[in-house]
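Heads up, the thing below is written out as structure tokens.
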Amino acid sequence: MERREFLKRAGATGLAVVGAALGAIWLHDPRSGAEYFRDWKSKKTKSLKSFRVNRLKGAVDMAVVRGKDPEKMMRAGLAEMGSIGSFVQKGDVVVIKPNVAFDRPPALGVTTNPDVLKAIARLCQEAGARKIIVADNPINQPEGCFFKSGIQQAAEEVGAEVMLPKPSAFALLKIEGEALSIWPMFYQPFEQATKVIGVAPCKDHNLCSASMTMKNWYGLLGGRRNQFHQKIHDVIADFSHMMKPTLVVLDATRILMQNGPTGGRLSDVSETNTIVIGTDMVAVDTFGYTLFGRDPDKLDYLHKAEARGLGSTKWKEQNWKEVLAG
Amino acid sequence: MLLLLLVGIGIGIYVKGQVYDPGLFSLNPYALSRDRSAEAQLDRLVSLGDGKSKSFSGVDMHPSSPSGLLDNLAPAEWKPLGNVTQFTADSLYEKIDGRAEQYIDYKFVRLTCLSLVNAQDSKQFIDVYLYDMGRPAQAFGVFSVERSEGLPSVSLGREGYRVEASYFFWKGRYYVQLLASGKGAELAQVGLNVARALERRLKDDGEPLWGLKALPEKDRIRGTVQYFLIDAMSLDFMKDTFIAQYRKGEAKVTAFLSKQSSLDAAVKTLVSYEAYLKKTGKVIDKRETGVYTLVTGDMGGTFDIVFRKGKLIGGVTMVETRSIGEKAALDLLAALQD
Amino acid sequence: MTKKMNGLTRREFVRQVGLGAAAIVAASTTPLGLSRASTIKNGMGYRTLGRTRLEISEVALGAGSISPSGGNLIRAALSQGINFIETSSNYRNSQVETAIGQVVKSMGIRDKVFILTKAGNLEMGRMLDAPASEVEKAVRAELEGSLKRLQTDYVDVYTCPYMAFSPKEVALPALQEALERFKKEGKIRFKGLSTHSDYANICMTAIEEGYYEVLQFPVNFATLLPHIRNAVLEAKKAEKSVGGEGGRKGEGSFERPIIDVREVLKGAQQKNVGIVAMKGAQEVFLPLFMRDQVKNELAKDTKLSFHQFAYRFVLDQPQVSTVTIRMANMLHLNEALVLSQKTLKG
Amino acid sequence: MRITHIRLISQIFFIGLFLFFVFITQFGYLKGYPVSLFLEADPLIAIATSITTHTLYQGLLWSLVILIPTLFLGRFFCNWICPYGILHQLVGWLFDNRSIKGRIESNRYRSVFALKYYILIGVLIVAAFGGLQIGLLDPICLFFRSFTVSVLPALDLATGWIYVQPFEHQFAWVVGFLLFFFVSMNLVIPRFFCRVLCPLGATLGLLSRFSIWRIERDEQKCVSCNLCLQRCGGASDPQTALRKSECFVCFNCIDDCPHEALSFKMLPPLSHEVTLPDLDRRRTIFAALTALLFFPFSRSSGDLSKNFKKEVIRPPGAVAEPEFLERCTKCDQCIRVCPTNVLQPALFEAGIEGVWTPIMNMKMGYCELNCVLCGQVCPTGAIQKISIAQKLGIGEFANLGPVRTGTAFFDQGRCLPWSMDIPCVVCQEVCPISPKAIFSREVDITNRWGRKVKLTRPYVDPTLCNGCGICEHECPVKDLRAIRVTAVGETRSQERSLLLK
């Protein structure tokens, strides 16, 4: 064989050998067993910043609005609280989190009243919000829920964007609560969010007695959330640690008095014509619970949350106001 | 030709696609059977009134339609006369004229009225006045200043009494008057039934009022406690004050007690009281111990004795005899625990 | 709340009221309002109450809001020149009478104080066709009750009917007989009536019939000044046409007619009937949506508060003997006590 | 413009339309679109179901639109409209590496092409007994099923374009590989499926025997160059006596003939055609016999009677099982439109006859309470078109009660509060009935550490349960659920009811 030919081949082989060796070293993973299994915890996790805003001095912290016209009510209530402008400013991206958990018509009081959602979205727009995102991860099939609950339409009417919980929209969230440490969360909406408003219907709940503004955040989590029920009160308390919203709105225009959280009959619903707006979820929920005619002292998660300094059940002592509107 | 056919098919399908029954995609709630009879509504109102609610606002499930509380109130053989009417602070005059001020002084929220008339004999009627006073203390306030001594008390709401066939009581945030057209046990009974029915619908957190606890029971004349949101003893600076009559031997003594928001608020109040005494009479004695300050004023014929103990302002007013007055004031002082 | 009334905007209304104010001020020509008071003792003016010849303070203590524990206010009022007390048997469930009784007694000045009280629990309207005996019985019961509470054996002016709704009540023979009888018995010195519905007619009837020595009815800027009266009436019309503010006008509700009382005043003067002006600063005459504006507007260029201004203006009417002022606390009293030394300009 | 170009446009239009239908058959897009049009226009379905049920269901009248023209023009459907045929033609064209000679050879008629007629005879005889098996090979059903079960989910897996939450189907791989197999057979025999297996093609072939138009060869002009065969769709021997039953009326031969020897003629001489498919009598009888035996074999396995399976939970509105098998064409449109992925193609759960029919698998999904879409798209009434009110048994349907698909049962050994002292009752939370079909009792128990704890233990109220299965779906015991829905209590059949009415 010719020399040139030999060198050529030797060179090529040499390169191949070196390449193979480098590749093998590069890919080599010595870890096994313990290290491997320890590893999953250190997965990439996201975290949520606080969306709270500084309140104007003397502005009301909790407004209880009575009336029939959600828009008038929201305006009146927020006026007391120092106007929407003190919560949402120009250019904000506002995530509104309704409860659209089930595929029910609004009249059944199972999902957030679309008119309330609309009112809030409008106010945000007037305050100059750049973009409004409506997001929830329903228990029933998402499109169905958004459509049948009227939230879809409401959002479209005010030009808000509805975000559906596609698998790609989820990320691991570092909660570091007492019951939840890391959990998959419907994170996509919050990548751009600068303000967050929770709009929860006031519902009876078979397990935790009542689902209000705190329980509402359940709808942002994914994964095996049907395990939460094993420690439901700690988990709900964790929510108020996980999410620090700009504002929460308790939509008690209708209340689901029984057969919660799914309802199904008009007779389960009571027209209450009330909206509670607040910044302290615990306070709002404590008040909200009285709307059922039930005793807040007996609602664990409120007191668990209060004990952890996540809010106060003593709404009476706070700067609150009852407003008649619309 | 064939191509046109295809286009035709396309259009046909599109058109078909746009006409459909949305009912197939979401439930029309009106397909749901309604069981919202007035009874059901009332049941709900009543059933919620289990008195456990800790919030006065949570108490009234139907704040925007308080008239709901007067629905179906007429007993057998009686019927409502006209509609339920409502009055706010701005329109209260139209219903009760000059007496309106008194209610407005107590931050009156809403008056809801209904006349019930005997279906047989229209001369017999009962006018129901439901005053929503916003807060229990205020409801008690108007109740207390309208009540005069020695009226037969009836166990209605927190406190109630009867004048012939008319009933007056307060419960939760409500003050209720049932004014009957005449006297007579029969009418009185009907009135009582109505009162009971209405009472059941009003919710109440049962929290006792501060003053009623704080004012000592000893020597107190039953049913004389009054609460003033403002202008207690016609003094502009005396707000949020409880007043009660005490029997000291022969004499009757009017004692008052007020819890001020803060210490210096209390101090201020005492100062203005003293100033008032100086202006309309003269201060004849002033004691300061570590615990309390006590001022005695001679108003020409009667004496006012006022003290401050911590945040509390208390005393007696318009007592004929100084010694009795001072004794009463000191008794009150002693009985206070803060 | 309706912001714009059709037919009459806020601005227009305020302008008209402004005119009214100007007119009032202009009207008060004399440097001091005192001239209209017949006498004046340490700062308080006194006037003659028509043919009763009673010399009463031109400021009357409207006692409606005084509770027994508030006796000191009565005391203060009486000791500072007020000698005319206006009360009623139904004020605070008769407690006001009780309070007055106690104070007057303890001060031992019954003879120097003139008390006007009313048959407040009687609805004459419901007794129009009742037999005379029954009427007398009812009124007597009321009267005796008042006397007992006031701890006195006579009232200076006894007002019945109280809040007359129609001239019929005034001319009711049975009532007049009863009252005359009480007069003879010395339980009442003079007869009065009070009304604020259809008061022009009712008062004129009373004046012509000559039964009554004292009339109590609304006298204020709204019932006296055409500018304001018209503005208010128009606004009220508008208000009604847009559904109206607060509350339905239900059974037995108190309409607030705004009636020109200038004729009544003249008529009363001729027949020398005493006039106790009431509701001199009563803002309920004004349409709800305007009250605040009017208050600011009226007393704008004076040193007086709205109430002082309004009452002073009433007192500027020569035919008025006294104006009842609701006094709930000492501030009210002090505001009222200085009225005699004020003019509308301040 | 050449007639073949028009044909091409038509093909593009119809495959486009078909794909459009496939895509919009879902909540939110469906609206009023007649997504079943292809199935309803499919004469085989119309004929077979009218044999099984002795009725012609609703939209199946559309089949006349294909059937009647076929009587005059022949099997035009196969090469003008049939989306599955179009697919095969496309694939054959794309991956063809034959020389002209090779092509000509590949398009010659083969005796195996008669197989489809035997298949047709078989399925129709089974149909006569009340078993509907056409769906296995009917091209429209087969194609739609392939998309629903395999293609779309695969596509979504790659792109995420189709669903909000990915859909999965049991035995998707089987369906997928069948599609793959049929398609790839084009490389061996062009339009293998259409020529060899398609029972619809066979039906149309038989119908075309009377057609008055057909391709006619002018023997004077013809030089037997066989070039007409190079793109012949049906392998119908245009170069000699035309096999009418095989011809797809694609007009390629006319295009390709250099001598204008071929033309589409009305009433050409019979001597120039082979009117009937070449069916061998013995084979025909054999096919018939197999079919005769198939039905009793399948039924005697008891899948419809004593041995019915608890897994056979049919969608709400489905008719009783025997009739269901008479009607269901296995097109799986219901599975496509189902918003929760609960509907799954059966393999042998419902017996050999039930292959690819829809059953509910609560691990995959649950039956949405306010949803009746499956019935809306069913072309043959196997799932009846019911309203939501009827499904819930409210309003005018109150006396009928709700439509039940089955009943939920607790497996206390696996239920957390029942066997492990752990609070849960997710099932009760999600139960959509009001009042809830799952109720609970509070019990005070002393746990193993002697501590007193309150527990809420769930129970099923069979009078309220409608078998929607959301409880099973949401049960945290993920593998073998602690509450499971089984078919018993379903309203569609008396035999399988649970409670005395």
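As written, the chains take the letters A, B, C and D, and residue 1 is the first residue of each chain.
The rule is short, and it goes like this: a residue touches a chain if its C-beta (ideal position, glycine included) is under 8 Å from a C-beta of that chain, and two chains touch if they have at least 3 such contacts.
Everything numeric here is computed off the predicted structure, so don't read it as measured data.
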Message: After masking subunit A, report the chain groups that remain joined by touching.
response: one piece
Message: If each step moves to a chain the current one touches, what is the fewest number of steps from subunit C to subunit D?
response: 2
Field: Most remote chain, CA-based centroid, reference being subunit D
entry: C
- request: Name the chain with the Cα centroid closest to the overall protein Cα centroid.
  value: A
- prompt: Pick the pair with more C-beta contacts: A-D or B-C?
  reply: B-C
Field: Where subunit A and subunit B are represented by their mean Cα positions, the distance between them in whole Å
entry: 40
Field: Chain centre separation in whole Å, for subunit C relative to subunit B (CA means)
entry: 29
Query: Using CA atom averages as chain centres, what separation in Å is found between subunit A and subunit C?
result: 63
Task: Return the residues of subunit C touching two or more other chains; collapse runs of consecutive numbers into ranges.
output: none
Message: For subunit D, give me the residues that contact two or more of the other chains.
response: 27, 370
Query: Going by the touch rule set out above, which residues of subunit B reach two or more other chains?
result: 25-28, 32-33
Field: Category of the chain touch graph - line, ring, star, complete, other
entry: other
Pairs of chains, among all present, that meet the touch criterion: A-B, A-D, B-C, B-D
- line: In the complex, the residues of subunit D that touch subunit A are 27-28, 160, 164-166, 339-340, 368-371, 416, 422-426, 428-436, 440, 456, 470, 474-476, 478
Field: Sites on subunit B touched by subunit D in the complex
entry: 2-3, 6, 9-10, 13, 16-21, 23-28, 31-33
- request: State the interface residues of subunit B toward subunit C in the complex, per the touch definition above.
  value: 81-83, 85-95, 97-99, 101-102, 105, 113, 115, 145-148, 226, 228, 230-236, 243, 254, 256, 276, 280, 299-302, 304, 317-318, 320
Query: What residues of subunit A sit close enough to touch subunit B in their complex?
result: 64, 66-68, 103-108, 147-148, 257, 265-267, 270-274, 287, 289-297, 315-316, 322, 324
Task: Using the touch rule from the top, collect the residues of subunit C that touch subunit B in their complex.
output: 64-73, 75-76, 79, 91-95, 98, 102, 106-107, 163, 196, 245-256, 284, 288, 326-331
